[in-house]
Amino acid sequence: MTCNTFRNSTLLASAAICLSVSASAETLRWASTTDPQTMDPHAVNSAPVLSFLNNIYEGLVRRGQDMSIEPSLAASWEPLEGEDGWRFNLRQGVKFQDGSDFTAEDVMFSYQRASNEAADVRSWFAPVADVRVVDDHTIDFVTKAPNPLFPDSIANFMILDKGWAEANDAALPARDAENYATMNVNGTGAFTLVSRDPGVKTVLAPHAGWWDEAGHNLTEAVFTPIGNSATGLAALLSGEIDFIQPIPLQDVAQVESRDGFKVLEGEETRVIMFGFGHEHEKLLYSSDVSDANPFADPRVRLAAAHAIDVASIDRVLFRGKIEPASQLVPADISGYSEANSSRPDYNPDRAKELLAEAGYPDGFSFGLKCPNDRYINDEAVCRAAASMFAAVGLKAELSTGPVRDYWPQLREDDFDMYLLGWSPGTFDMEHPIRFLMHSQDNDKKLGSWNFGGYSNARVDELLPMIQQEIDPAKRQMMIDEVVKTTQSEVAYIPLYTQPLIWAAKDNVDLTQRADNFFMLRWVTVN
Amino acid sequence: MLTVENLTVKFPSRFGDITAIEDVSLCIQPGEIHGLVGESGAGKSTVGAAIIGLLQTPGYIAEGDLKLGDTDLRALDPGEAHALRGKRISMIFQDPQTSLNPLMTVEDQLIETIQAHENIGTTAARTRAIDLLEEIGITGAAERIKSYPHQFSGGMRQRVVIALALCTNPELIIADEPTTALDVAVQSQVLDLIRTLADTRKIGFILITHDIGVIAQISDSVTVMRRGCVVETGKTAQVLGAPQESYTIGLMDAVPPLDRKLRRFRVPEETHDSDGSVSRAEQWLLQGQQQSEIGLTIDALQVQFPGVRTSLFRRPEPFTALHSVSFEVKPGSILGLVGESGSGKSTLAKAITGLVPPSGGEMKLGGDPLPTGKARGRRHPSRQLIQMVFQDPYSSLNSRHRIGDILSEPLWLYDLVQDKDERRALAADMLDLVGMAPDAIDKYPHQFSGGQRQRIAVARALLARPRFLICDEPTSALDVSIQAEILNLLKDLQEKFGLTILFISHNLAVVRQMADDMVVLRHGRIEEFGPSEVLFETPQASYTQKLLELTPVMPKEWNSA
Amino acid sequence: MKEFLKRSEGVWLFIHSPAAILAALVALLTFIGAAFAPWIASVNPYDLGSFSLFDGLLPPVWQEGANPKFLLGTDDQGRDMVSSILYGARLSLIIGLSAMVIATVLGVGLGLAAGYYGGRFDAVVMRIADIQLALPAILTALLIDGIARGVLPADMQQDLRIAVLTLAIALSLWVNFARTARASTFVQMQKEYVQAAIIMGQRPIRVMFVHILPNILGPLLVIMTVDLASAILLEATLSFLGIGLPADSPSLGTLIRIGMQFMLSGEWWILWIPTLFLVALVVSINILGDFLRDVFNPRLR
Amino acid sequence: MVYFIFKRLAQSVFVMLAVAFLAFSLFRFVGDPVSQMTGVETSVEDQERLREDLGLNDPFVLQFARFTGNLLQGDFGFSYRTRQPVAEMIVTRIPATLELGIVALLISLFVGIPTGVYTALRPRGFVTQTILMTTLIGVSIPTFVIGIMLIFLFGVQLGWLPTFGRGGTVQLGGWESSLFTVDGWRALILPALTLGVYQLTLTMRLVRAEMMEVMRSDYIRFATARGVPMGRLYFRHALANTLVPVITIVGLQFGGVIAFSIVTESVFQWPGMGLLFLESIRFVDIPVMGVYLVVIAFFFVLVNLIVDLLYVAIDPRLRIKDVS
């Protein structure tokens, strides 16, 4: 490979950088904003951790470049006969990175570990009634009800080596104190951990005994978290890193204008939306309406939807890189309701009419809460939206804050309207229905992110049916009904699908997956 | 050796050049001590600075010739001038506390100076330095040379300064107020040393001072300066003994004699001619005399200050500033309190005014016990009855307040006059009484000279209608002629209003002019207490005798007026 | 006459210092612009209805594609940069000035009292000052912000963001005042006019504030200007770290924080115009501080 | 002397305890650690259980007592975010911050003192005015803007220096140092410069002011009158006497430098304590924040103690008793 094709500086100093960067031909240096908090695949259910660890650990199933489910540690699976659940036929001859064999006992152990109270990922196993080891390479997951999506939902359920974990006193995920698995790994995946300096640098190397054919040509991969996006961009442009995810979208032009770099753009699966305090009796932050909650009226909610000019948000704030959203998942997610793919148009006059019909011809003021460090341009979008609301008489008192105290505020019902982004963990429409549309029900663990308390009996009724329906057509019909209902009631105002923007040197070939996971096994450095 | 001819120094300012000294001519021979005397602002220090080439920027020599031997000092470039400094001309400053670098040992400073002008090894330089120190009276110099300046007492430190000026064998030393900061005894030693050096080493000295006693004692010749000009110059005995100029005559008249008590000083122009009518302020003060003259008795007063704690386990030794001091200020009299620095004079004043709590003994004001320290409430009558005039007129008046506000404050505070306008009128009258123009009332303190400020301070004290006045070195910061005026004023007021005064001073001659009785204080103990005339004529304590002996005086016949 | 000359010394020095004149001019114009922002600015950037995203990212008039309505262009929300800067300067100055005033009152009060009473009280005040110094400004800001969030009702928090930020900045600045006031008070306590006042039986409050305070104002005035500059910068830094003001009521610091995103994107004006403005303002205030220092301390001339 | 140090230590402990208390009292308000520790799919019930396990539902005083008690026993707890021992996390980050702070300080001293002396001796020169104005502008630009500007100028456009991180480091008995490799030094230059600009200006102005004062003192005039060579006069006599106030302020500021390195570290992705602290705030990592604050307070009191001892070393008046 050449030292640098993007800059022909004759300076010694810059040459030195290049030498250090390209000391080993197939080293990939990459950066992202957040460091994975832990190397334990069951301790934390967060995207940075799962994304990173998917390079080291593997699940029974995995997602391909197009997000489709494909066999991984399970070579195949089929529904159980006579009871609800799935049988997984495990792949033979798979070895962990320390050389020990992969068996059904490891899956069993990992299941117990991941479904333990100390694990943050245990919600994945809520439908599971029992797990049985059939033989060394067969394991049954018995579910409480028919669950056609179960294999899809455990793509991030990663398998640890039982013997290794027990020998190192890491049989359970670390909850308040660290254990061996926090800093050490033993997976079956394509890469293994060479060294880790949390928050500074993590080095990976290929796992020589990986069962699958390596689609990459790396000998080493070095990860550095860079929190400040400007610094990250500078690091890429100066050649110190080969790849960064994400870059700010306003810098896309800058990267593209330079030789030797490329920008990878795509749509994430995350839909950004506004939510309402449906069940609130009155507005919390209003200076003119104190005894009622206008947002309880669907006409007001629809007026708010008509007030938003997504096209302008796209043009100015996102430079044409977002897709307007009509429902809570983007189009390529399973269960997407094609039948309900239109969203309320930008129509301020109609909005004013609706407000007048609802009895608020002059509008009213209310509190709009937004995070300022969670989603791309979250604060700017809210400011723009507030300005658009104001144009139809909806005077938003905007309050933005870091996500660390944003969630508590939402949980405490401290809002009139709020911004939320949702990425379906299972890549299926059922996920947002379960978390965002079903009535809040702590016992059944449903509607846990339905902060506004939207409640529709028919939706509640349909959710279990959707979850259990095996026939795709019937299932889609039910989903269409849910989407139609929630659209007509304007349960949420879906705004757009968040874009995914990565940048890399020209000589790096990689795959951008819609879940924002970066998979080293598809990287080639030329 | 040194000839100064028609020297004029100017300081450019935004109002054009200000002439600091004009047309000054001097001539100094080897071994001669030439006194340069004058009141503040006379330009004496500027002459010294011009000769050694250290005029404060942006001052410059506008005219005149400066010659040291054959060297034309004005023709030197900065490098040559700097090389000449120390080598041929050196200088001694007023305050030995500040003129030595506190961070370097005496040895370093001496060796550095010697080596700056001579190509000489460090060992040789050290030997020379030690010899020099021994010569000027520092015993055990070989050890003490290793010390830092702060480890020497004031007099010893001034000797070190002299050694530094001397170590390069200069032809001329300019001594700028070399003894002003020193006590009488030390002053005498330093003056003797200068005399000896002039005689033995044939060094010419320019002795700049405001103290005519000092000049009289050691200088061979003298130049009297005033406002940048030479008034009179010549042999000391001739200029001071038989002054020709009226200014010099007035100056000599203002010098308080040690050997007798004058009723009043003869002041050239009496600043305030009283037309005989009784002013309103005077009337007001006299009205306040319901209480008759008041005395102060001090019995076994002891003051201790806590020492600095240096150990976790030992309580620090307290420092005793006053050891069981007892004396009495008779009603309507003036008691003089003399002592050298550190004798406890000021502590005593602070104890009486309540600033410092005594650890033992008691005080009585006019027969009533006087509460001490914090026990004395803000509203205690003594707060009004006892007033104080401070040493430094530049610091005793709040520079941010107008004179009117300063003077009205006691009237308001003690609720003596309720009406604001009346207070103002009375303050103006009081200014008149102390010899100031009443229009001063709208001005700020910095617009007045030291003497005028001291008058204002006296006026402020009077406006409290006090019966007992403490004057803590009220004239030591003033020029002699001003001192004479203030002393006259105090005498007049005391007589007129029957005040009782505690007059604190280090200057025996001044005390003699003022005091009826006298206390001599030393290291916090009373050496002697008695009627002042008796004490001056037949001192009993050896300490008092020594003090009287060492105070520089003019030959009797000079001060014949 | 002498009085006049003494007074006019500052004036004389001033008219002979081009830097001071220029700085005063910049500061004065900023103050006027900030004070009259609601009347000068074409739009009110706090009024969400007064601007539109449609006008977003327009360049300054001298660049191609500009709209003459927006002299210095618009930001990503379509806000007029000129108006934003005027309002931003207004907010920055309100915060800076109030923080400075609070810090002065608090610091000078404590410093004066510590210097006056000395002893144990002094020791306590100085320990508190140590604690404050050991808590960096950002932490103080977090602390105050957090307490306000815990104590104040929710609907007041947003309105009080400015007050909270101001208080946080003030708290991290007061120590400087306290130390200076204390040291100066120690010096003044040795002066005879103070002793005279105490001997006369004046109330400590009067001695401190009527007698001592006017005499220590000089150095305090210098610190006040320097700290006004630091307060404005500190506000900018806190905004950068995300504990400053919300983006819908932008101060200069917030404008710069927002502008940072556009550093490389070609919309240079969103970052550099507010930055230049801030630098000009802070430099001017600092130059005036220097000038005051020279006036009060002739030895530095 | 021993008593003096003892007294300072007692004061230091008090200050640190007070800082710990203040710091701890703010944690309740920073946010909810549990919502940061768990994923979106975690049930409310599981969150509540975690909250209980961490003792977050206990009364504030109890939480503080537990924190201080553990601290005094040397138990610094575990990070909520990474589950690592806090002591280890902080200790591994200390070298980076200290090296950055000290190099910034050294830059400020080695540039600030000479320029301060120069500008004091030639107060009216053109060069002096230029230096004064440049540094004034330097301190008027927010640190984060300076940092990013430097990165893009030297890192991207010129390509001379790295844009982030510490570069090559060497392990020296647990102390990870970047001072022993060329690479490390290259990485250090920009952040240290960014952090040092303010400090430099302060030092320079302070030296200048003090120097101008000292140059008028009697002992300098006396030394001039004795013909002491100019170089010696300026440096041995004048500069030495300006050091006491300079050390006071520089010492006081060093605590601030360490704390303010938060901004610099965040801009340069410098793996020091400040960066760790910022991450901890984001994740409401209470144990890390608490220990960080106590460590900062410790550095502050330590620096103050060193400053006091330096006084004694410099000024013989404090070292040797006055005999007179």
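Think of it as A, B, C and D in the order they're written, each chain with its own count starting at 1.
Criterion: a contact is a pair of C-beta atoms (placed from the backbone, for glycine too) under 8 Å apart; a residue touches a chain by one contact, two chains touch by 3 or more.
Bear in mind that the values here come from a model prediction, so they are computed numbers and not experimental data.
*Asks:* Can you list every chain in contact with both subunit B and subunit C?
*Replies:* Chains touching both subunit B and subunit C: D.
*Asks:* Looking at C-alpha means, what's the farthest chain from subunit D?
*Replies:* It is B.
*Asks:* Applying the contact rule given earlier, which two chains have the most C-beta pairs between them?
*Replies:* A-D
*Asks:* I'd like the Å distance between the centres of subunit A and subunit B, where a centre is the mean of that chain's Cα atoms.
*Replies:* So the centroids are 85 Å from each other.
*Asks:* Which whole number of Å gives the spacing of the CA centres of subunit A and subunit D?
*Replies:* 38
*Asks:* If you average the CA atoms of subunit B and of subunit D, how many Å lie between those two points?
*Replies:* 49
*Asks:* Using mean C-alpha positions as chain centres, tell me how far subunit C is from subunit D in Å, no decimals.
*Replies:* 23
*Asks:* Could you pull out the residues of subunit C that touch at least 2 other chains?
*Replies:* 149, 260, 263-264
*Asks:* Give the residues of subunit A that touch two or more other chains, as numbers and ranges in rising order.
*Replies:* Subunit A, residues with two or more chain partners: 230, 373, 402, 405.
*Asks:* Can you list the subunit B residues in contact with two or more other chains?
*Replies:* none
*Asks:* Can you give me every chain pair that touches, using the contact definition above?
*Replies:* A-C, A-D, B-C, B-D, C-D
*Asks:* Show which residues of subunit A lie in contact with subunit C when the two form their complex.
*Replies:* Checking each residue of subunit A against subunit C gives 229-230, 233, 248, 250-251, 253-254, 284-285, 309, 312-313, 315-317, 367, 372-373, 379-380, 383-384, 386-391, 395-400, 402, 405, 414.
*Asks:* Quick one: which bits of subunit D touch subunit A in the complex? Just the residue numbers, please.
*Replies:* Residue list for subunit D touching subunit A: 30-32, 35-46, 49-50, 53-54, 78, 80-85, 89, 92, 148, 151-152, 155-156, 158-166, 183, 186, 266-269, 271, 275-276, 278-279, 281-284.
*Asks:* Which bits of subunit D are touching subunit C when the two form their complex?
*Replies:* Residues 11, 14-16, 18-19, 22-23, 25-30, 123, 132-133, 136-137, 139-145, 148, 152, 208-209, 212-213, 216, 252, 255-256, 259-260, 262-263, 266, 278, 281, 293, 296-297, 300-301, 304 of subunit D touch subunit C in their complex.
*Asks:* Name, in rising order, each residue of subunit B that touches subunit C in their complex.
*Replies:* Residues 14-15, 353-355, 377-380, 383-384, 386-388, 390-392, 395-401, 409-410, 413, 443-444, 446-447, 460, 464.
*Asks:* Any idea which subunit B residues touch subunit D in the complex?
*Replies:* Checking each residue of subunit B against subunit D gives 52, 54, 82-87, 89-91, 93-95, 98-105, 109, 112-113, 116-117, 147-148, 150-154, 156, 161, 164-165, 168, 309-312.
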